[in-house]
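In the two complexes below, chain A is the common chain; its partner is chain B in one and chain C in the other.
Up next is the complex of A and B:
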């Protein structure tokens, strides 16, 4: 019985390990290679660990001004994050709690919009942005990313808010707090797990987006990191060192954020509030 | 002076009338219970007063001001929820301070600290201020909920079945504490419950609800002794009233109540063909001599504290509950004579269930 159990654990470890290895190997290879000196990269037979680790490729990127694109990406991503979560929270609250005509229609539209691929929206949104004069700006990107992400964000938050005991809000209102104050002081903190989950979605999308940024923004001044990495491909030619270093710069932050917030996915926030 | 006034307040949900033309006056500083089975309209009444619901018709007044159009935060009332509704992400201290952080009641840091100290002391919460709700026992959560309601001296306290989640002993202790608190603070308190013993033991006045209508609004004693209809008679009291169907006839200026197996001469009550005689279990006792109003077969004897509660079947087939003290020996299976205490009888119209006007 226990032996069988052990065997099963061992077998699943092997399977999961293999899957993880297959997924992680290219990233790991890229990360290690970005620290190898140029001549060691194409060495045959290949060597996994860098024998003489070097930061030369990162230095090179820095000299080429990669920090400028990192800052652009940071600005666009954080602005998108804040805007989407604020708008999303209020919209989700209204849909979860308020009774108004057209509520069902709005929810239907949200779902419908979620299923439209972004690629098919590129041309119309390009025209719209150019008409309001936000083409080739970071603001334009922020607005577009927010628009793309809001449906999923609203849907996630709405589902979560509906599970919160409405009595807490009633109690807070009777305690003298306005609806706005209730949303800020009660609903938002209690929705933290859903806000984190939605936030990770937003960050991943905004930080990684390539095609929208490529289409909308053409100047170097407003270029984000993924587009910059792509341009390095032309600029550095077959110079894999700086290319891999740039790729790592664009991948690693998202991974770090994910690892850092992973435990917040598990929600235990409402325990003990309402007995029943 | 009136603290709360309901004026023909009606609330419907679609076709269902949750509350029908309620008129209710609540004196300042009094302790009033809203009593009724679930779905009777008592919680609707409370939610209308708190502002969670808006009435379809009528007006609600607090301290002489109409409040129907005001949201809950503008009514200066406090409420203790059945679920306590403590904010799970805040410590006990922050929970207590929360009402004082609302813009409407904003106090400075020191005043808040003082208020928390005072409330914590009076409810014995001093050691718990840094804990979170989920780390507290049911009784402690209950006290935090009470403290949060007390902290800003509201005009009206609303308590929504606050004791129903506690075990029996704690419930009786908290009942005393709530009464104590009311005597000390002196604020108008409105207490919703389906437990008639809570309502009777705590309140200055009890409002009994059924099916969206206020049935009777009177002192606990009056509710208990002079119920206005068979619903109140049956709902209030540990075992409800005993009912016997029969008829009333006049004879020589007195009335005679007759039912199968019994005939009862009572002071003048007029005549009526279809009435229900109602009496409480302490209004019937074993006859000491052979002058009995009715004879009954003893079917069951229960010991309740110093008393016995006896289930009888009268000769006419009616089942009746009787309370005797332990000194009277009644054995199961025996037949015995019983007498009714004349001053403690009620009569109801059989058709409507309403109480008949009492003897003049």
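Up next is the complex of A and C:
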């Protein structure tokens, strides 16, 4: 019995280990390679661990101005986060608490935007942004990201606000608080878990997005990190060291945030229903 | 908790009676509706308008009826892309779904090892798609030497993965499976968890085998979760751009050029904006049709049983 049990534990350990290896291998190997000197990278047969670890590739990226693209990404991501959460919270509150004709239409709009693939919007959005002068600007990108993320944000926050006791808001209103102050002082703090979950989705979307930024922001001044990484692919060609180093700059922050907040991520994934 | 008398509660009711117009909800909804209107619905309708015009670079050149559509539908690159997208979507969906289901069954239990494994397999899904594809491009490349080493040990002459149409497509599917299996797992896990465990215990007490229970209880009760997973995977893969753009570049010779990549190149490499808009509309219609077909097939399947 114990031997059989032990065998089973061992077997599942092996299977789990193999799965984890298959999943993480490209990332780990990329990470290790980004610390290897150029000739060690192209060595055949390949060697796993960097024998003489170096930061040369990261230094090279710094010289190419990678910090500028990181700053752009940080600006766009945080602006999208703030704008989406503020607009989303107010809209979600209205949809959760008010019973009005037109609510169904708005819910339909939200679900419709959630199901429209971004790919079919790329070309006309490019044309439109150029007409209104927002093409190749960080503002344009922030507004686009907000438009794409708002439906899921509203959906998540609305579901959460509906579970909050409405009596608290009533009591505050009797005490003379306006609706605005009720939202800011009562609804927003109570919705913290849903705001965190929605915020994480906004952050990962805005930080990771490549396709929208590639189409809209082509100039060096407004380029975000993922587009910069893609351009490095053309610039460095088969010089994999700096390419992999740039890749790591893009994904390591996300991996850290994901592991730290995994519960919130998971709660938001399955269709956006967050339950406290 | 009755802090308020009934009448007081009536007076401060958050929702005004339905039918009487009140500015309250609309004031808070205007920013949402404005942003969606300008950045989603306006482009979508302008795509329709532009698709009927000659429109190159940033210059509109007059109405030309269905010419852009006729051009696209007769274009060999477009037809090739339809084939590539169908093939890729079919295989990527099947494999991602199968792996996702396997992972969901394996990591269903609430234990420390299961939740650790769920976190690990989700990492490729949450990191940048671009970087994921680039890392795989590196792993499969001849420069890395890893794939060559593997082939050598199998006694196969080393070759370029991205130089052969079949292996390039296989790499594309592998990229999809690597990234999205855990996404399918999460959606399917939600379905698995909604099955009352009493039902599974009852079947076990009655002596039903694992596979019998799976076929007769688990699968039927997971219909909705399975439908949602398949619809979301199919829609995601039909609209794929990043994987082929970064991993294979659409090559060799168009063997992995998907529909959206083809559209992307007409629009942003040739700046044939009118034609690219027509392609956008076609892709949009394909999406709607696909969802309708999948739901229809599922209903058909349930009636037959």
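As a convention for this text, the second predicted complex is superposed on the first by the 243 of 276 C-alpha atoms of A that agree within 3 Å, B and C clash if a C-alpha of one lies under 4 Å from a C-alpha of the other, contacts with A are read in each partner's own complex, and residues count from 1 in each chain.
FYI, a residue touches a chain if its C-beta (ideal position, glycine included) is under 8 Å from a C-beta of that chain, and two chains touch if they have at least 3 such contacts.
All values reported here derive from a predicted model rather than from experimental measurement.
Once the two complexes are laid over each other on the shared chain, residue contacts for A:175 go to chain B alone; chain C is not touched. In the superposition on chain A, A:146 makes contact with chain C only, not with chain B. Once the two complexes are laid over each other on the shared chain, residue contacts for A:108 go to neither chain B nor chain C. When the two complexes are overlaid on their common chain A, residue A:10 makes contact with neither chain B nor chain C. When chain A is checked against chain B and against chain C, the one touching more of its residues turns out to be C.
In the superposition on chain A, A:94 makes contact with chain C only, while chain B stays out of contact range.
Once the two complexes are overlaid on the shared chain, A:62 sits clear of chain B and of chain C alike.
By the touch criterion defined above, A:167 lies against chain B and chain C together after alignment on the C-alpha atoms of chain A. In the superposition on chain A, A:235 contacts neither chain B nor chain C.
In the superposition on chain A, the residues of chain A touched by chain B in one structure and by chain C in the other are 165, 167, 170-171, 173-174, 179, 269-271.
If you check the complex, the residues on chain C that touch chain A are 1, 3-4, 8-9, 12-19, 21-22, 24-29, 31-33, 35-36, 38-40, 42-44, 46-47, 50, 55, 58, 103, 106, 113, 117-124, 126-132, 134-136, 138-139, 141, 143-146, 148-149, 178, 182-183, 186-187, 189-190, 228, 235, 238-242, 246, 260, 263-264, 267-268, 273, 276-277, 279-281, 283-284, 287, 291. Per the touch definition, chain A reaches chain C in the complex via residues 12, 15-16, 19-20, 22-27, 29-30, 33, 41-46, 87-88, 90-91, 93-95, 97-103, 106, 109, 113, 115-128, 130, 143-144, 146-148, 150-151, 154, 165-167, 169-171, 173-174, 179, 204, 207-208, 210-211, 215, 226, 229-230, 233, 238, 240, 243-244, 247, 250-251, 254-255, 258-259, 262, 265-266, 269-271. Against chain A, the residues of chain B that register as touching in their complex are 50-52, 71-73, 75-79, 81, 83-89, 98-99, 101-105, 132-136, 138, 141, 148, 152, 158, 165. Partner chain B is touched in their complex by these residues of chain A: 165, 167-168, 170-179, 181, 185-186, 189-190, 269-276.
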